[in-house]
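Each of the next two complexes has chain A plus one more chain, namely chain B in the first and chain C in the second.
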Partner chain A sequence: MGYALNFNLIWRHFDKLWGGLLLSLELAVISIAVGIVIGLVLAVWYVSAGRVVRATIAAYVEFIRNVPLILLVYLVFYGLPTVVDLAYSAPTSFVLTLSVYSGAYLVEVFRSGLEAVPRGQLDAGKAIGLTPWQRLLHVRLPTMLRITLPALSNTFISLFKDTSIASVISVPELTYGAQWINFNTFRIVEVYLVTTAMYLVTGYALLFALRLVERRFRAAR
Partner chain B sequence: MLSQILYALPFLAQGFAVTLWVSLLVVVLSLIVGVLLGVGLVYGPAPLRWVVRIFSDTIRGIPILVLMFFVYYGLPATGLHLPSFWAAVLALTLFKTAQVVEYVRGAVASIPKGQSEAAMAIGLTFSQRLTSVIFPQAFRRFLPPWINGVTDAVKGSALVSLLGITDLMQAINQVIGRTYEAMPLYILGALIYFAVNYALSLASRRLERRFAFIRE
Partner chain C sequence: MSDATNASSALLDVRDVSKAFGAVEVLRSVSLQVKRGEVVTVIGPSGSGKTTLLRCVNFLESYDSGSIRIDGREVGYREAGTRQRRSERDLAAMRAETGMVFQSFNLFPHLTAAGNIMLGLTKVRGKSQSEARKAAEHWLGRVGLAHKADSLPAELSGGQQQRVGIARAVAMEPKILLLDEITSALDPELVGEVLAVVRSLAEDGMTMLMVTHEMAFARDASSRIVFMADGGVSAVGPPKEILAAETSNERLRTFLARFRASHF
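Let's look at the complex of A and B:
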């Protein structure tokens, strides 16, 4: 085993990893923000819509959930510009993909959340004379958000990990930084040890922070 | 365009066979190791439980892509030279094993305590309690999420294309490299993956409904 650990080169290029980690987080945050909007709109629409709309939304959800993310990333970055007249950078393309991807997962989360809102709350809203719109805004959505908070944080953390796929279209996020150091310094074990640690620490720190938020907003049972 | 795609179909079929082969290997290997570790996590002695817990939480905490690069590029440094195919299978299996461990833990934990207390009361030994009382019930809880999780193995297998293995994903990219028909081929590929995974998730949902009679 002629391999001696030497982290010097990793620290020399640490800016690649650190900058990559920040970009990973940025990609995840933007994507979940857009994904939440997509998910909310489609979920609210779904529960009150007719069969055609429901089938269309279900088709979107099932399609995205059953296709590898890497294929979707390629499709949007290399495929889409050949049929529509659009030009976008790799990061934009990835954020677009990950937003549509997370949107599909969040429709499901919000839809089941909406169904979990106790019937009595809606009846109570009706009884005090709230309009359907007010019932949605002040009764259904707030309760639904509290119910779905744990699922939302899980989705966010798994999106954070999914940003590593952006490396395949050369978006300089954390995994791309790791590969760059891997290919340029050959300190292979060291760079992946550090990268693994960075993903783990960030992921669990996010989990811990989000659990605190959840505890603060936990739905009353 | 159509003729080019028809011409490429046998090549894509070969890639698809590799995708299925990788997925099958990963699913079978991770099932065996995952169930053993999962049972160890629930019933094993404390040091074993810690090791499995740390293994599972670490593997599930990092992107599958990083795990794959780590195994593929890192293994040779330890003196172990695996062909890229087996390095990819190993990495995906590690990832899937951690999932299976959690399914097993969840399934066993969902069986009410009264069941094993009752089994104890009628004098069954530990291994009898497991094989005749806990496992038959836990199996029904385990199966639906596990089948659904097989889709993760199929989707994850697309990453082996990054190690130069000609699976369906890589075959599609190679055909696009020659024909420049990016959109039709990506859509074709997406439909193939979709067909496999959707069938699996339908099966999972059907089983879940069938086993819904088990209550907490």
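Let's look at the complex of A and C:
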């Protein structure tokens, strides 16, 4: 065909991609960290709460899971500031959105893990005189973590890829960087090949690291 | 020698305890006493309420009426007669005074054998890591597993796991040890090693209340045997009396006959 691959222009602007990747990772790490806190707190609350709290948490989870992330991003970035008097940057807005979004997915992961902890282990914790808080901290959470690690890894990878949605509100992460290079150089095939490779390598690296952690925990079964 | 007159000297005093799961009465006015240093065995057909009774003693199960006292203190409720549950803190403190060994071992899978024993010692008894480690090693030695201190439960056989379970319970120095069918989940060749540990604890004067299907062990190790049927205590007495084939208690006779038929 007539199209000759030429990566020179990509390398010239590679800082856009590299900086973008770092920002993607930063967005993912912060959002996942906040999401873990949301997920853990709500999951623990859920399994020990009454019907009203459960229904409320379930509603949050269902809402988030049934609305496309891109819509949530628009709502928070364009919609929210017009309703309430708030001003925040695009990256902040996205982190806020992805945190709440990842929280909903992580509630589900943690909740099912907590419910899968065998009752006998909780009985054993009671029998040696641990308080409810100690049982949660030293018996239920460690076991829950080992049960949920595989699902957790998948969720983390997913959320990392979801950071590409931040490009729609001009957060200069990896996908945005790719778009910028495309618009300015018209090397669409090259730039998206390189970008895809960067997502792929990073995703695999994350997966590899998480699998190592999993293996360490599986040994402790 | 009547139990009623000696009730004050009983370490564990269960009085008229009843409990229903919905319409099913699992415990019907059960009373039994265990004195310090005694080994009392509860036998009976499955569904007779043995395990539920045991689980009421450390309040893993609540009960509807009656009273359970350990060393004179009401276990799960604030006062005998009232149904006001103790606070979770209180309950935890009370449970620390009873040890329990489970049919399915219930070791904490993320902790080593020593770690399983140390958890209660550090978090409940407030011992330092090194004190707790020392105690854990001592008790693992007692159950013949000194060399397995750093093994995870998954790396241990069923018999070894159960011996860790026993060590975890006795390391807390409980006033009474509750043993809930602790050999039922074990392969036959592993039963002996676990019962040997229980026997040596009995010889040391540990007070025990155990539910078991090991009749020979019950006969040899118990001070008294309680026979439960349909949620109630049907017979209590010394092993020789209870396990005698010619007992006048018809239910007990049927139970023993069935048991012999299936085990010999």
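The working rule: the second predicted complex is superposed on the first by the 217 of 221 C-alpha atoms of A that agree within 3 Å, B and C clash if a C-alpha of one lies under 4 Å from a C-alpha of the other, contacts with A are read in each partner's own complex, and residues count from 1 in each chain.
Following the convention adopted for this analysis, a residue touches a chain if its C-beta (ideal position, glycine included) is under 8 Å from a C-beta of that chain, and two chains touch if they have at least 3 such contacts.
These numbers come from a predicted model, not from an experiment.
Steric overlap between chain B and chain C is absent once the structures are superposed on chain A; the two fit side by side. After overlaying the two complexes on the shared chain, residue contacts for A:116 are found with neither chain B nor chain C.
In the superposition on chain A, A:142 contacts chain C only, with no contact to chain B.
In the superposed model, A:37 makes contact with neither chain B nor chain C.
In the superposed model, A:124 makes contact with chain C only, not with chain B.
In the superposition on chain A, A:80 makes contact with chain B only, while chain C stays out of contact range. When chain B and chain C are set side by side, the one touching more residues of chain A is B.
Legend: residue contacts after superposition of the two complexes on their common chain; A:200 is shown touching chain B, with no touch to chain C. When the two complexes are laid on top of each other via chain A, the two nearest Cα atoms from chain B and chain C are 24 angstrom apart. Taken together, the two structures place no residue of chain A in contact with chain B in one case and with chain C in the other. Looking at the complex, you find that chain C touches chain A at residues 58, 60, 88-89, 91-100, 102, 104-110, 119-120, 123-124, 152, 154, 168-169, 172.
In the complex of the two chains, the chain B residues touching chain A come out as 58, 61-66, 69-70, 73-74, 77-79, 151, 154-159, 161-162, 169, 172-173, 176, 180, 182-183, 186-187, 189-190, 193-194, 197-198, 201.
Residues of chain A that touch chain B in their complex: 1, 3, 62-63, 65-72, 74-75, 78-80, 82-83, 161-165, 167-168, 175, 178-179, 182, 188-189, 192, 195-196, 199-200, 203-204. Listed in rising order, the residues of chain A touching chain C in the complex are 118, 120-121, 123-132, 134, 138-139, 142-143, 146, 217, 219-221.
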